[in-house]
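What follows is a set of structures for review.
What follows is a pair of complexes built around subunit A, which joins subunit B in one and subunit C in the other.
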Partner chain A sequence: MSHAKYSVINTPVHNIDGVAKVTGRATYTFDVTLPGMLYGKILRSPHPHAKILNIDATRALELPGVKAVVTGKDTLGIKQGIWRRYEELCDEQILPLEKVRYIGEPVAAVAAVTEEIAEAALDLIDVDYEVLPAVFEPLEAIKKEAPTIHEGVERNVNVTRHIEWGDVDEAFEEADYIREDWFKCSGQHHMCMETRAAVSSFTPDGKLTVWTSTQSAYYHQALLAGVFGLRDGDVRVLAPYVGGGFGGKFEIDSAQFCSGVLSMKLHKPVKIVLTREEDFIASKRRTPMFYYVRTGIKKDGTFCARESRMFSNGGAYTGMGATALYLSGFFHSFPYKWRGYRYDGYRVYTNTMPSTSMRGFGAPQAMFCSEQQIDWICADLGLDPFEVRRKNGHTEGYEVPGQAFIASCGLEQCINEIEKWVKSKGKLPANRGIGISSCGFMSGGIFNWFDSPYSFSSAVVTINFDGTVELHVGCQDIGQGSNTTMAIIAAETLGVKIEDIKVHSGDTDHCPADLGAWGSRQTLMAGNAVKMACEDAKKQLLEFAYAEMGINIVYDLDIKDRWVHIVARPERGLPYGDLVKKALRGKDGQRIVGRGYYTPHRKGMISPAYSYMMQAVDAEIDPETGKIKIYEVMTAHDCGQPINPLGLIGQLEGAASMALGYAYLEDMPFEDGKMMNPNLVDYKVIKAPEMPKTDIIEIDTYEPEGPYGAKEAGEGLTNPTAAALGNAVFNAMGIQMKELPITPERILKALREKKEQEAQK
Partner chain B sequence: MINDFHYLKPASLKEALAMYAEHDDCKVICGGQSLLIVMRQGMVAPEYLLDIKHVKELSYIKFDEKDGLRIGATTTHREIEKSDIIAKKYPVLVAMEEKLASIQTRNWGTIGGNLAHADPAGDPGPVLIALNAEIKFGNSGGEKVVPLDEFFVDYFETQMEHGDLVLEVHVPTPEPKFGCAYQKFNLLDSDMGIVAAAASVTLNADGTCKDARIVLGNAGPIPLRVTKAEDLLKGKKLDDALFAQAGTIASEECAPVADIHASEEHRRHVLGVLTKRMLKKAFEQAQKSA
Partner chain C sequence: MEKQLLRFKVNGDEYEVYINPKTLLAEVIRDHLGFTGTKRGCETVSCGACTVNVNGFSVKSCSVLAIQCQDMDVTTVEGLEKNGKLSPIQRAFLDNGSYQCGFCTPGMLMSSTAFLEELKGEVPTEEKIRESIEGNVCRCTGYNSIVRAIDAVAQGKYKEE
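Moving on to the complex of A and B:
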């Protein structure tokens, strides 16, 4: 339960940068123009797998206006990766020296005085390739006879991950019923409004400044310093506004790398903005996964054991894919108690664009398989899907053996609320069904494969003479509203108003290091750092207040709504503004500075806290065409204490649109390694008028590890939807959808097969 | 990237036709909802763009009980969608426009531009053919009126030659017992149709079928009339079995091409279903009308 009534927290507010954005004043990387700036373009491989024999840029360099052409030979040739602690997983040269491994991989980059000239120059670069045999699917690439994509990597297996607890075989023996299924989960494009972009400026003093679209300014500072042989402190990354990330913008991308190489060669600023097509074919994508799921259950609905194997299409390089491999396997167990659980994940290299993290981080795939299979098992055994989920669900105080400790959990209330909602709908017409799915998600990762020497999150708060507050954070606002969240936490802690707080973020020179916006970590981790920094500053202020007010030391002082007062006698006090002025005089004119940080300790293997939810999707199927009509998405959600209810609604709507897209629309078909729909005509995303109704029931819980009891609320909501839609189709038509996206053709095929099976009986 | 081009902005139809006749490598733009996409892809790179968006003499909606409906070529989709008289007399056109792409596109795109572009997946073509519309086009030398179902020649090709502009669409006044319906099949309601079907039914006084038109969208190189299916219905007393049979014939008669959005088999199947459904809907309207 919530611990207190708050003055700022839990009051809906618009994002503090909303006006700047909707009036076009916000400066995105695309808007940055510097004196003498050049424009860069990237030549990309037309082959999925080929040796680079020779690159001849003579003709390009002769084109008037072209200033430089760079290739792998102009780089340090460092194989980089975001899993910095593990050398073998640092496998990507962004301008490769020897061979290309996917269509769209950068081969050379041009800088010219205009974008048009740079683009024209690409056609004048002559590359000799020796085309090599290529392989595109993980189940093919893992075969002995498949071509080798990375030298020395046997059977193209990039990373494996084993998760196990309990005696799995014994637990299966106790099961009365065992079910096995294969699933195929598709990839998905991040589809940020802002494509990847960078303006790099290397100056003669040896310093590199990069404006870029990033989820973590600190990661990019460190990663770019690494590939360019600079010290971290000599690289400044600026990201004042970012037009979306969704998991795709915290590894080095080709815009950042190539603009940096060109700028260092020319000592001039170079801007590269990827086109929409480049973003589609040569960024990264949600990891496509093949899942084999075997589940054992008792007649009364008690879960015994689960054993799953997963083969993921890793594409050409590792990136964040190694994390997705682990998290998919972990969340595949969620949110249930298994006596025995075993997961073996294999990430397999293929000659396709790399796969990586994307909102949900492997969990949407895992839940699509798990939550559908649970409903099918319930149907097989005549069990109630709500009851079975309640019976086996996580509860407060549960320990996922060796993995995680659950300190707060509102799953049961979520299930109860959705059950009530579904039952209130009564009997549905023919061909219409409501499907449910429950899940949970992490509030920030504990793992440190990046090998950061810094605290996971940090904040510095400075109080000015007039009571205004400068809040410096390293967490990154990518449109999700984290600056607003931090301003709310700071205002609540200091006892001031949101408009007193000025948030500074997205600048590595002026903001403390922070791992950034991924893994649903900022509200909890950066929020704790901000809270700690503000408590530090407030304590300093209150020391002066005690002296000023001359009160008995047994009294507690606090600040609320800019009023410094005795907690027991709130009318006795003084205005916050007066106190600040006095305090500064007492400090010889120094401003009040508070510091805070957060690094998780003794919180298991994955995350300090977990959100929980259950979602229901109400859908109707046209039995003749297979078309799906979605009426409503209803979610019951435990994110601890909501910080900004309006921000939460924004996250829910965004997640629903992305997750529904994943469930029935968005797909990335490839032919011989070439993406077939790299444009917004053929790649389908839900537009605003087509969004079904979405609503949310918040479950009141309190997470002791979170700031003011808060947990994640942005990413986990992407996880349940595909499974819930699958279950809606199952309930409406009695067919089992084992492949994503759930298309009309796949529905009709399943209906035909069902008819044939019934005819045989 | 869009190539550089010369921009021509005529103030009148006469000037537009003269400018078009004068410039060989010239494309007409009237909203650019289709043209700019292919220009961005580099598939079309004209030296001149002739912008007739501001030729106001071609922007009109006129209705006369005897003469029928006349829509000027530069009339926007949104103007058609919001026209009271069209809503009253040709509701199928409004229903079609409401699902044609986004409001932004409908605000800017024009009926003439849409028909001249001749995308077989376009929405207005099948509906207007089902409504028995004709189209007027012309150049500085003269004008020509042809039935709309003869206007389309191939993918993105019409009877028009260089120098020709679409001038007007004419839709006759419906006969007393007439109905017309259109539906596209897609995953998102306002998206382009993966396939589509328009059907119109005219009934005799005795309730038998006087005329039927079935026009399929994205089922071949042009908005496709499936005449065998139409012939099946004429002169008969219509019922569900006939609609289903017509659907089956239509699914055999059409020539859709597979792409990533649907296989050929699925397209044929859905075209059959839509044909059946639109015939039934048009028939029910015809029964109710007059």
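Moving on to the complex of A and C:
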């Protein structure tokens, strides 16, 4: 339960960057221009797997306006990766020296005085390739006879991950019923409206400044310093407004790397913005996964054991894929109590664009398989899907053996609310069904494969003479509204108004380091750091208040709505503005500065806290065409104490649109390693007319580890939707969808197969 | 190619620019005049991030040549506010949280503004509102908050200030 009445928390506010965004004042990396700036373009491999024999840029360099061409020879094939603690997983050369491993991989970059000239120069670079045999699917690439993509990597297995608890075999023996299924989950593109972009400026004093569209200015500072052989402190990364991230913008991309190399060669600013097509073929994507799922259950619906194997299409490089491999396996167990659980994940290299993290981080795939299979088992055994989920669901105080401790959990209430809602709908017309899915998600990962020497989150708060507040944070606002969330937490803690707070973020020179916006970490981790910094500053102010008011030390003082007062006698006090002025004099004119930081300790393997939810999707299927019409998405959600209610609704609706896209529209078909739909005509995202009604019921819980009881919201909401739609199709038509996306063709095929089976009977 | 003189109005002010006649309106607005509020999100005229209004009609500025706007009146997102006062749809976007990363927002605002003007006070159905922004892709919001904002303005809940 929420512990207190708040003045700012959970009250609707305009996002603090709202005016900038609705007036066109918000400038993005896409909008940055610097004096003397050059434009860069990247030549990309047309082959999925080929040796680079020679690159001849003579003709390109002769084109008037061309300033430089760089290749792997300039960067000596330096390898990079975000799993910095594991050298073998830092396997990506942007501008490779010897060979290319996917279509779209950069082979050379040009800087010229205009974008047109740079573009024209690409045609004048001659590259000799020796084409090598290529492999595109993980189940092929893992075979003995498959071509080797990285020297020394046997059977192209990039990373494996084993998770196990309990006696799995014994638990299976106790089961009355065992079901096995294979699933195929597709990739998905982040499709940020702002494509990957960077402006790099290297100056003769040896300092590099990079404006870029990033989810973590600190990661990019450290990664770019690493590849360019500079000290972290000599690289300044600035993230102006960021046009979306969704998990795709915290590794080094080709725009950042190539603009940096070119700028260091030329000592001039170089801007590279990927075209939509480049962004599609040569960034990264949600990891495609093959899942084998075997589940054992008792007649009464008690879960006994689960054993799963997963093969993911890793594409050409590791990136964040190793994390997705672990998280997928962990959340595949969610949100249930298994006596025995075993997961073996294999991330396999292929000659396709690399796969990585994307909103949900392996969990949407895991839930698509798990939550559908649970409904099928319920149908096989005549069990009630709500009852079975309630019976086996996580509860407060549960420990996922050796992995996680669940301090707050509103799953049961979520299930109850959705059950009520589904029942209220009564009998549905033919070909229409409601499907459900429950799940949970982490509130920030506790992993440090990046090997950051800094606290996971930090904040510095400074109070000016007039009472206004400068809040410096390293967390990154990519549109999810973290700056507003931090301002709300700061205003609540200091007892001031949100308009008193200015948030400074996205600048490594002026903001403390923070791992950034990924893994749903900012509300909890950066929120805790901000709260601690503000408590520190407030304590300093209250010391002066005690002296000023001359009150008995047994009384508690507090500040609320800019009023400093005795908690027991709120009318006795003084204005916050007056106190600040006096306090500064008492400090020899120094501004009040508070510091806060957060690094999780002894919080298990994954996360300090978990959100929970259940979602229902109401859909109709046209049996003639296989087309799906979605009427409504209803969600019951436990994210602890909501901080920014308007932002929360936005996260829910945004997650639903992205997850519905994943469920039935968005696909990335490849032919011989070539993506067949790298544009917004053929890559279908949800548009306004298809978007259904989306309502939410917030379940009131309090997370002890979160600031003011808050935890994750927004990323986890991407997880249940594909499964819920699959279950809706199952309930409407009696067909089992084992492959994503759920397209009309796949529905028609399943309907045909069902008919044939019935005819045989 | 020989440059040509383009004379047109942007956000109420007269501009004269010498341009290559093949230059897109989006480029002139952004690169020549510096109105970077207008965005680009694709090369296939399919995202709407570049939407502006030309003589009151909403137009994807990546799909027309600037020279076609000779003597015309162009409004970009920067032209929606008047003397520091936000337009009704801008205020409705703020109240409804109709933006997240904000990259699609200028285009969304321009499509909505043209739609609301065409209505001339008539209250549209939700379906009509959704159709009016069909050409604008938003990856963040899921559109429903944008639909609520347009609806609120169409219902007369926001007056010109």
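Brief remarks follow.
Here, the second predicted complex is superposed on the first by the 760 of 761 C-alpha atoms of A that agree within 3 Å, B and C clash if a C-alpha of one lies under 4 Å from a C-alpha of the other, contacts with A are read in each partner's own complex, and residues count from 1 in each chain.
In this text, a contact is a pair of C-beta atoms (placed from the backbone, for glycine too) under 8 Å apart; a residue touches a chain by one contact, two chains touch by 3 or more.
Nothing here was measured: the structure is a model prediction, and the numbers come from that model.
Between subunit B and subunit C, it is C that contacts the larger number of residues in subunit A. When the shared chain is aligned, subunit B comes close enough to touch A:627, but subunit C does not. By the touch criterion defined above, A:748 lies against subunit B but remains apart from subunit C after alignment on the C-alpha atoms of chain A.
Within the superposed three-chain model, A:687 lies in touch with subunit B and with subunit C [touch as defined at top]. Contacts of A:664 after superposition on the shared chain: subunit B is touched, whereas subunit C is not.
In the superposed pair of complexes, A:241 makes contact with subunit C only, with no contact to subunit B.
When the two structures are aligned on the shared chain, A:578 is found in touch with neither subunit B nor subunit C. Residue contacts after overlaying the shared chain place A:739 against neither subunit B nor subunit C. Residues 681, 686-687, 689 of subunit A lie at the contact with subunit B in one complex and at the contact with subunit C in the other.
Listing the residues of subunit C that touch subunit A in their complex gives 30, 35-44, 46-47, 49, 76-78, 80-81, 86, 90, 93-97, 99-106, 109, 127, 129-131, 133-134, 136-147.
Within the complex formed with subunit C, the residues of subunit A that make contact are 14-15, 17-28, 30-31, 190-195, 241-244, 246, 275-277, 478-481, 646-647, 649-650, 652-658, 679-681, 685-689, 691, 693-694.
Residue ranges on subunit B touching subunit A, taken from their complex, read 1, 37, 102, 185, 187-192, 260-263, 266, 269-270, 273-274. The touching residues of subunit A, when paired with subunit B in their complex, are 115-116, 119, 624-625, 627-628, 664-665, 667, 669, 676-677, 681-682, 684, 686-687, 689-690, 743-745, 748.
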